[in-house]
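Contents: one structure, followed by commentary.
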Amino acid sequence: MRSPFTQLVCLATVAIGTLSSFKALNFFGSDPRADEDHSQMIAEELPHARPPRGVPLTITEGTWLRAPGEEWIIQQNELARKQGLEPRFTEDPSAADGEGAWIDSTGFIQKRYDEEEDFWAYWQWVGPAQLTRGRRDFVQFCSSCHGLDGDGYGRSGQWLRPSPRDFRQTNFKFTKVLANLPTDDALKRLIKRGLDGTPMLPWDLSDEQITDIVQYIKSLSPEGMGWRDPFTGIGSIVEAGENPWAGRENFAIKHGEKVYHGVAQCMLCHPGYVNPRDLPGLLDQPEDTVYRENLYLPVLKDSEYEVLGEKVKILPPDFTFHTIRSGQTPQDLYETIASGIKGTAMPAWKGSLSEEDLWALAYYVQDLVEEYKDKPAERRGLMERLREGL
Amino acid sequence: MNRSLIGLGALLALTACGGGDSAPKPQKSTTGSTSSSTAETTTTAKSTDTGGAAKASGSQDWNDSMGTATVSGAIKFEGVAPENKAITMSDVDPKCPGGAEETILVSNGGLANVVISVNKGLDGYKFAKGTGAVNLDQKGCQYIPHVLAMQAGQTVSITNSDDTVHNVHSYSKRNQAFNQAQPAGAGAIEKKMSQKDKSFPIKCDMHAWMNCQVVVFDHPFFTVSDENGNFTLPKLPAGTYKLVAEHESLGKQEAEVTVADGGTETVTFSYGQSAP
Amino acid sequence: MNRINSLLAGVLSSRWMKALAVVGMAGVAEAQGGNRWAPFPPASDFGHRFSELFWLITILCSISMVIVVLLLLIPLLRDRARPGHKANYDHGSSLHDKRLTAVISLATFIVLDAWVLAIAMKDLREAYWNMPEVDQAETYPIEVLGQQWAWHFRGPGLDGEFGTPDDILEMNQLTIPKGRPVSFQMTSKDVIHSLFLPEMRTKKDVNPGSINKTWFKPIEAGEFTILCAELCGYAHYQMFGNLTVMEQEDFDEWEESASLLGIAAYDPEDEEAQWAWEWEE
């Protein structure tokens, strides 16, 4: 026989359990906190209040989004053929501007005409089921920073610099494409590898989940912008091609230093890493040239990114100190330098510098990171060498 | 304890049922300006084939010989022109010579760098896309010209005459925006502006003072006032037009003008310190 | 006798004995400077207290467990059913048994629990709760902001004041000097986190809406771990960082660079990014 005390504990447990289940099933009438206006009020009053309850998770309508163009479609067909599959897209001369267009056999990608703008563009249908799945995963994994509406101002994203992306601005920094908008693959890659030194983690999600999230993110662009604008170009990832310096890395670093301080003049925004006495030689300047103040510090630059309607500024990294966001191998650095960083002062260098110069820059930056980052003694030595000339 | 578990279970079941997936057919549920089905698409394509510009039925293809009228005039600046602030460039880049701001340039009472264009009255014509290239040079760490007007379809060819690096950062909304580096000695950057576009800036982030305004029109009747504020719009067909003058910081002004074949009309816009 | 032997062999090869053996090995490993069997050696000045307490509890529990298991063996062998002997059942409900139980419990409580409690309270009073004076010039203050799923740290920079342009901002990385007390004030943006520095033997919850304080004094330079010890959402497992303890002269150099870069990154128009609070005395 149980002791009276044990019986009492059991009884109390059952009573509390019953009462709480009644409450959960709303037997006592509606919970005042569930009232939307009331929760809105709480949200305004307290900085740390919960988001309003009843956040909609289900999306009932599908949407048309701008799809990558003809080149991408032909590429997809080639990929399918390589895998021994039937290509998805067939040429349909009647469907487009008389020159023919590639049309998806399932009708989910079409080339369509915009009457008002007199413009043809490829559009892609995203169904409500996929958007709903994407919305749910987005709310679970992304919304704490990127916000329940994708406005980049979730509870955990506030005060953050660099700020989390506002998906309504449809601008992305590290997708490594030359055009305005990245392809799905570029976005997926970014989500999977994350951004070092930021709370954008490498997301360990399944391919299907990331695909759904990407489609949902694209559907957040406002009417007439981003993926809802026929004119915005969608580019493919800038791939690092053959490495011209393979086996001659030391020469690449030397040459990279010359490019960095010479023709590319990276030290207009990033810090310079050579003594001012050596600079005129690299730049073909007279010996008594005066360079910008604080040559060994980066310069704060305007960006296109907005937080609460205000443009934020972005500091170009000091490679001996800051964490490189998107990979530290020469290949990663090549891709970042070649494609530029969207929405910031960092331009695309592909086409403006030779491949050799670009790779040399990548090697030089990698060398700076390896030699000096997180090594205070070495970094102090470097700074002393630089200050000698001042 | 059991009841509480049942209650929780019921609650979970309720939430789980909320998200039924039913995908409607993609075709019919679209809205907006893009045509929603292949059928509509083909009809539009046909109407394009017959030469209609979608809106007006009686419009005809434009060619240069059709216009003989001219509108000319001047942009006046009343009052004392503000002094343009000098820009010290050498503390950013020793290779930049220095200069002054170019926002409001007044000479002999005329205001330069105002874009004058025909806004209304051209519905009867269908204009072919522009051809050729327009040059935008970077010289002395400034853009030349400071204001660039061009026709949709034309290419802007951006060159760098300086001995330093620039980055050409276009903020266009309708044409492909870009941000391309251009070191000294690099080849020209050729970008086709295929759509008409409101005034947008091209900037250089490395030299923060550098900026250039670009406007893209879908017809050939536009010009930029010269350094004395004078402008000429030649080869206009007879008709009544709304002229729009737009300055990057002083805003827009409108005027109505009627010209006859072979005739010349004069229009004067006047800006002041407090002009709208 | 054979049966008793096999029984003993069974007990000795049981998983309890294995567990005891593991604990013993861990003790040896700790004495040898630590490897993967033992907790990391402490790197803060009061860390050894926590290690000592940990091992004291482990050893006391191990000894008392051995005693209990041995005592259990006596009735197990003596009263079991065997040829010519019926099993002997006893509920321990006689007054004698109750008294014996009470005496043993009390003795255990006094010897083990009260002893451990006394040492623990002494440690807490002398170390963990003994926050260094903040105005003391040598204390290095840090403001910690937790969020899903990252740690933000704000150092005061060269001027020693928070909320000024030269503040040092770090994410998932904290750099501190060796040999100086480091004082933390912490809060969270969203949910409850817990700042856990295992090598420094310190762990404290970080709550939204309140400022929690903790401190320690690192006595070894090197790279250590920063963890979140409170389940805070999906990516809790990815919420970790790196603690770098530098020699004072390295730290001075680092602090200067970091401060200058902080000034370079400071945008006075972007008030939203300045999340520092006034240091609470």
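For this structure, a couple of remarks:
Lettered A, B and C in written order, each chain numbered from 1.
Basically, contacts are C-beta pairs under 8 Å (C-beta built on N, C-alpha and C of every residue); 3 or more make two chains touch, one makes a residue touch a chain.
Computed from a predicted model, the values in this text were never measured in an experiment.
Interchain contacts link the chains end to end along an open line, per the touch definition above. For this structure, the chains sharing the highest number of C-beta contacts are A-B. Note: centroid distance chain B to chain C, computed from Cα atoms, is 63 Å.
Inter-chain spacing, taken between the CA centroids of chain A and chain C, is 37 Å. One finds 28 Å separating the Cα centroids of chain A and chain B. Among all residues of chain B, none touch two or more other chains.
Counting partners per residue, chain A has no residue that reaches two or more other chains. For chain C, no residue reaches two or more other chains under the stated contact definition. Of all residues in chain B, only 1-8, 10-11, 18-24, 26-27, 29-30, 32-35, 38, 41-42, 44-45, 48-49, 53-54, 90-95, 163-165, 167-169, 171, 174-186, 195, 205-208 touch chain A in the complex they form. Contact residues on chain A toward chain C in their complex (touch as defined above): 46-48, 140-141, 144-145, 155-156, 158-161, 197-199, 201-202, 294, 297-300, 307-308, 310, 312-313, 315, 318, 321-322, 374, 376-377, 379-380, 383. Listed in rising order, the residues of chain A touching chain B in the complex are 13-14, 16-18, 20-22, 24-25, 57-58, 61-64, 94-98, 107-108, 110, 112-119, 123, 125, 127-129, 132-133, 136, 178-180, 223, 230-233, 263-265, 268-269, 283-285, 289-293, 301-302, 304, 340, 342, 344-349, 351-353. Interface residues of chain C facing chain A in the complex, by the touch rule stated above, are 145, 147-150, 169, 171-172, 189-190, 208-209, 233-235, 238, 244, 246, 250-251, 253-254, 257-258, 260-261, 264-267, 269-270, 272-273, 275.
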